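I'd like to ask some things about the structure below.
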Amino acid sequence: MEFAYTEASLALQQRLRTFMHERVLPQNAAWERIAATGRFPSEVVEPLKQAARAEGLWNLFLPGLRAGEPGTRLSNIEYAPLAEIMGRIPWASEVFNCNAPDTGNMELLHLFAAPAQASQWLEPLLDGAIRSCFAMTEPDVASSDATNIRTTIRRDGDDYVINGRKWFITGALHPLCRFSIVMGVSDDSPDAPRHARHSMVIVPLDAKGVRIVRNVAIMNHHTPEGHCEIEYRDVRVPVSSLLGEENAGFALAQARLGPGRVHHCMRTIGQCELALDLMCDRALQRQAFGKRLSDFANVQDWIGYSRVEIDQARLFVLRAAWVMDVQGNKAAQVDVSAIKLVAAQLQTRVLDRAIQVFGAMGLTPDTPLAFLWSWGRAFRFFDGPDEVHLRTLARHELSRVKKEPGAATRYQVPPVEHEALEIAAMSAARPPEGARTAVRSTEVFQ
Amino acid sequence: MEFAYTEASLALQQRLRTFMHERVLPQNAAWERIAATGRFPSEVVEPLKQAARAEGLWNLFLPGLRAGEPGTRLSNIEYAPLAEIMGRIPWASEVFNCNAPDTGNMELLHLFAAPAQASQWLEPLLDGAIRSCFAMTEPDVASSDATNIRTTIRRDGDDYVINGRKWFITGALHPLCRFSIVMGVSDDSPDAPRHARHSMVIVPLDAKGVRIVRNVAIMNHHTPEGHCEIEYRDVRVPVSSLLGEENAGFALAQARLGPGRVHHCMRTIGQCELALDLMCDRALQRQAFGKRLSDFANVQDWIGYSRVEIDQARLFVLRAAWVMDVQGNKAAQVDVSAIKLVAAQLQTRVLDRAIQVFGAMGLTPDTPLAFLWSWGRAFRFFDGPDEVHLRTLARHELSRVKKEPGAATRYQVPPVEHEALEIAAMSAARPPEGARTAVRSTEVFQ
Amino acid sequence: MEFAYTEASLALQQRLRTFMHERVLPQNAAWERIAATGRFPSEVVEPLKQAARAEGLWNLFLPGLRAGEPGTRLSNIEYAPLAEIMGRIPWASEVFNCNAPDTGNMELLHLFAAPAQASQWLEPLLDGAIRSCFAMTEPDVASSDATNIRTTIRRDGDDYVINGRKWFITGALHPLCRFSIVMGVSDDSPDAPRHARHSMVIVPLDAKGVRIVRNVAIMNHHTPEGHCEIEYRDVRVPVSSLLGEENAGFALAQARLGPGRVHHCMRTIGQCELALDLMCDRALQRQAFGKRLSDFANVQDWIGYSRVEIDQARLFVLRAAWVMDVQGNKAAQVDVSAIKLVAAQLQTRVLDRAIQVFGAMGLTPDTPLAFLWSWGRAFRFFDGPDEVHLRTLARHELSRVKKEPGAATRYQVPPVEHEALEIAAMSAARPPEGARTAVRSTEVFQ
Amino acid sequence: MEFAYTEASLALQQRLRTFMHERVLPQNAAWERIAATGRFPSEVVEPLKQAARAEGLWNLFLPGLRAGEPGTRLSNIEYAPLAEIMGRIPWASEVFNCNAPDTGNMELLHLFAAPAQASQWLEPLLDGAIRSCFAMTEPDVASSDATNIRTTIRRDGDDYVINGRKWFITGALHPLCRFSIVMGVSDDSPDAPRHARHSMVIVPLDAKGVRIVRNVAIMNHHTPEGHCEIEYRDVRVPVSSLLGEENAGFALAQARLGPGRVHHCMRTIGQCELALDLMCDRALQRQAFGKRLSDFANVQDWIGYSRVEIDQARLFVLRAAWVMDVQGNKAAQVDVSAIKLVAAQLQTRVLDRAIQVFGAMGLTPDTPLAFLWSWGRAFRFFDGPDEVHLRTLARHELSRVKKEPGAATRYQVPPVEHEALEIAAMSAARPPEGARTAVRSTEVFQ
């Protein structure tokens, strides 16, 4: 076991930290003010993208980078601490071309795109020239069970015809967003297997019949790039828009999941670290009842708990990243459920404490806390609600124990019963001799 | 609405409080030391019983007292605060002939005993001359679902023959304990309704075939009167031992439940109040890092939360007592589930805080806390585990809402969609006009 | 004790419930849609106000109504359940002229306004013709300790001159809002007592130097009437604008507090009831993994816990209202701290569960949950943060116990030590005889 | 980073696991039954010790083993998983000569014993021929602050004279226990520095004046080896009994702490894993309301949460072990506070869930759960109460943030105020234009 990052990884972390501190953070207020008008702050982001790429801080997330593709190839365990650093500012990942959902889409295209698809969509994505979105969740069915998806992808001659409604489509309002990857039912024959009925197709955002219905507020909050509701009404795309095999949508969705969840979790940990920093900084400054807040034992408790909870969660996420690197994404499936559960619940807990230390100011948009909290609450649904992950974890544990049953019996201490004791002995006004050993609190030597 | 006790009730509370303070509390250490040897402290309890009866503090729990029966007839709402006062010392209720499980048994006999049964068993119970126990829970089936009971009560000529094993039989080792009321299956025909298959019979403890197997420790703790495991092997009692109707055991069990749970809950609240008193007293005495514990904000939080949680729970229990008085036990069924759940969880929470304030001493038998905690943990199972009560509550709420469905729809705010907006408008490098209203944090006037 | 409402109170509740259901709820979506554009929905509210007043549902909150003043005079315990009913829709209280902060201002003016002040400001408030706001909280000092207030109210000839900055001023953007009551330092001499240095003055919103700086989002959420930041720069008002005595601002603030907190708490309970209704309704409709959500035991647990927590909190708030009615506002001071703490924490807990049952939809503005949650989070600061109330409660308990110290000693069970046992006895390879009673788990009779 | 154990470590784990399964577990009931009589089960333990030593599973805990000393030298990170395996059975560590408090004492003697002390006490300890105890905690002072210790160690000629009272002295009733290491005040001059006033001396248990007062029950539970209260009255030992330097007791205590806490924590994790195994096994067997408990979603939640909490805690403890190996015990001081806090709170949480799954049986001594729970509750005090560790953690975080202050400012988003807006504009019946951006829930495109 070795809990230290490699020298190379530490050096890269330091470069990224410096870039964040010197280049990104000073632009944060500007970004927020423009975004507050509803417009995406391209004039802030684009120059930073060029600078980051020039410094080699580009496409850090993609282990599969091939010769000629821009960016630095890193393993999951190398990328994870970088995601944590980027995560301290919600919009920063894009500066390094490492933002969701484009990262997941690039992974997917890397694995499954035909050559023409790759040159049309993947290359400009890797260059940061365009953005994309991923249309899976639907408003009318329980998102916890993806087999419920109802959007249809029907073959009609050389086209697919798409009908349905999706929501929580992150990034659809980004000024550079050009296409969505849409998941839908492509085989509705009654005997089709539950997990072999869906396909994914690439649908340009300007295709006829695509309509962005609205930018859905999340816990009262809008982002300028949007979490949108999109209607697909008789949208036609050529059959060449199919991604991977027909009816293999589920397998594709699975392939896309693992690393993205690690990224989400590490960014979340970055947010928690920021919240802890802010909490401490504020507690050191603020007075109440003649003491600094940092001298109150309850505030100290919040700080102490936050520290140990964050540190544990980070190790947990890093181990999942390591399992992916060593054994592949599939082997890490339960680990990835576990870290998603842990990180999301951690976030709202730590953020809530930070807000409490800030007092009423913590409710306002003057600190990052209110926005981060709303993200954290939403994260408890993104990639599946807590309950689905708990169920996955429980089923995994139960099947483990089922394989080697009987622990309860092996560790049981069966009581020795006194065979001869008959109740007749009880009828006297006092308990039998032996009952004296039924002691209450006998720490007294006699 | 009126939240004050009546004058009469307050006066009775004061008399009981005085008796507890002047007579019972000074004997507490003596009781504990004798009990610690495994022997029941009759020499402590019997004189106190006589004194309490002489003062008219006797059988306070039984609303149904009839002319000639000893004791003071009180309503549930009048008795409840008395149970709280008695509850501060675990063994005190017996001094007033108000201890479980005898209270429940006296209620049951009051309602269902034939005249001969009454004179043989009920009268000496009301006089405090004998004790009794109640044999329902079984070791091999889930206690949460009483239809699982397996002990058999088989008619054979003029006898019933009882076979089975029971545990958690409180009081069976009391030197005055003379009989158990046993619940078992009396009709095992396959088509018998699930709730009309059981009967209750009165079984003397000295009947042949009754064997007290052991006094089961509860969370490591023994009481001298015992929470026993009892085996019934071919035990014969005359058919006149049947309590109430044959196969009406469930109805009897239900009748027995309500008031007993209120008593349990109020005694529990008394324990919580004691724990809060002890916690404050200790916090005021003890120093750490140059301050009294009572000056640490986390200790203050524990005290503050304990106060509001106890006060809320007491009101909740009193309301259930009031429902029983006004509408009868049956109407209070869900309320009684609710208070049981609340009181048991409250106890371990408050006790845990008190233990933490006492430091290592809180682990020892030198304070009442360790014992009370173990009682509290057990209370989460007595009269049904938390989960059964939560289930009852949820089903009640769900059926309420089912009667008037549609709240989610009535309170929904359906979004107004912009009909004309086509995605074509999105292909420009910036969002459409309308998207400007997709604000991030626009508290700025423009 | 009597836990039933009077007939008259029940009848009034039914009338209000009917009005809410038939008149207010059907307008809810319209109100929300207009408010979503940033404009206050006067065209929705004004006709409803007239209808409510015509039905005698007007100024229900004000126990002090005098002859000729419009409205129905109710006690706190009669008004409380009405506040709960109104609380189900955030904007409904105004329909009945019962909305904060006008209710508190009307109470204050009722108690302290000079006749000219009453005719200029109180009468139109009671008529619902104008609105008002209350300017106390400041951005730069800890709101938990009101002696920190820095805004100055300086006497200059026949004027007061006000300088300072306030925030979280609810209602300042209401189109009918005409004045604020401003609290500030009027005596800054070093030897002035800490609680006799502040005054309250009435400041018209259109006075020169009053500037609404911004409408502060609360947990990402704006209301059309605003929670505003206001700057007062050299604002002059005539000395006749003083409310009550000079330097008596603290006494006035205290007088204002009690009933307002009960209203807040009961509205909050109404919101929790609504959330529980919605949670059940949704759970009954939605399917996952082949079952309705209402059949999952964890969802049932959330429902069960919500039920018992809400019911306990309601009783707790009602008791505080009753204390106010019977013993006056001052006597209820600690009770009022307690209910504020309990209600605010309850709200976010119940709302969080409801959101979880709704899935991603719970994050959107399509249900009332996201907004209500943000209100609940803010409520943990309004009228003092949780920690201040916990501190108040703890100090009250500690001083109670201090008066009768020694509980820890009285309830102690001092161990009997074995005097003669010398360690020499231990040197043998086995423990002394007496040590046999140091049992581990001896439930066995020997 | 590398999260895998080495091959050698895995092989050793497997050997230990096999020994535990084949040799120790089958004797568990026998051990418990003898212990239940109050006698230490030497006849069970001694043969197992010989077998373990023969297999090379001996003194695995001591990184400092020297040539000729029996046992296998392992690093902390190699030993930690072995402690977890041993931890599943409370008495198993002794079989491998790895039990507290002897492990800590052996470490201490290894570091500080003079040659004569080593041959008299350390060698037989390493051989498992004798046992020892460690006398630090005192009943009359707050254990959280060790400078409070009052026992005196006074030089008198060639002797030290010891007077004082200690409690929670684990192991003093073990039949092989021969000496205690006693910490006390050796320099009570007023100007002695607070952390240079105490010494440690070796005191044979059979020295005149040593009296084992009682075996203190811990949460109602006794162990046969005892957690004892010991009185030292005018006990004389030669000055050669001093361990290390005079007045260096604090430094010695610190040196003893780190590894011991890792051992405690890993054993605790072993207990949590056992509890999880038992919980799953029971849930798979038991039925209620027509389903297996393992099919209830709330039980699944408990299992899922237990899994992720245990896994995180284990990583956290292992990292602390690694820090010790790489940077030394002193560098790991805060880490060691952190793991102690986490492990103790984890234990009672997981154990409580397991008890709940077992129903009433979980309260009895028939499963290991009740005993383990009482150990877990005590662990929240052993080596310092939770609050002391939280304080340590908070102070560490605060001092970290203090070094680089200003995070709250750097991440602030100061609002842009509209300079020209005067309140005059507000006097019209509707808000100013700009206020339209004060939106409520505007996800609608217009």
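Observations on the model:
The first chain written gets the first letter, and so on, giving A, B, C and D; residue counts start at 1 in each chain.
Following the convention adopted for this analysis, contacts are C-beta pairs under 8 Å (C-beta built on N, C-alpha and C of every residue); 3 or more make two chains touch, one makes a residue touch a chain.
Since this is a predicted model, take the numbers as computed values, not measurements.
For subunit A, the chain with the farthest CA centroid is B. The interface in B-C, B-D or A-B that matches A-C, meaning over half of the contact pairs are the same by residue number, belongs to B-D. Across the two interfaces under comparison, A-D and B-D, the one joined by more C-beta contacts turns out to be A-D. In whole angstrom, the spacing between the mean C-alpha positions of subunit A and subunit D is 33. With centres taken as mean Cα positions, subunit D sits 44 Å from subunit C. Separating the centre of subunit B from that of subunit D, both taken as means of CA atoms, is a distance of 35 Å. Multi-chain contact residues of subunit B (touching two or more other chains) are listed as 32-33, 212, 214-217, 220-222, 296-301, 364-365, 371, 387, 391, 413, 415-418, 421, 435, 437-439, 441-446. Across the complex, subunit D is touched by residues 32-33, 35-40, 42, 173, 175-177, 205-207, 210-215, 221-224, 226, 229, 296-301, 364-365, 371, 415, 417-418, 421-424, 426-431, 435-444, 446 of subunit C. Residues 137, 139, 142-145, 167-168, 216-221, 286-289, 296, 298, 355-356, 359-361, 363-365, 370-371, 373-374, 377-378, 380-381, 385-387, 391, 413, 415-418, 421, 432, 434-435, 437-439, 441-446 of subunit D are the ones touching subunit B in the complex. Interface residues of subunit C, counted against subunit B in their complex, comprise 1-6, 25, 28-29, 32-33, 77, 214-217, 220, 222, 274, 276-278, 280-285, 294, 297, 299-301, 303-305, 307-308, 311-313, 315-316, 318-319, 322-323, 326, 338, 341-342, 365-368, 387, 389-398, 400-402, 405-408, 410-416, 441-445.
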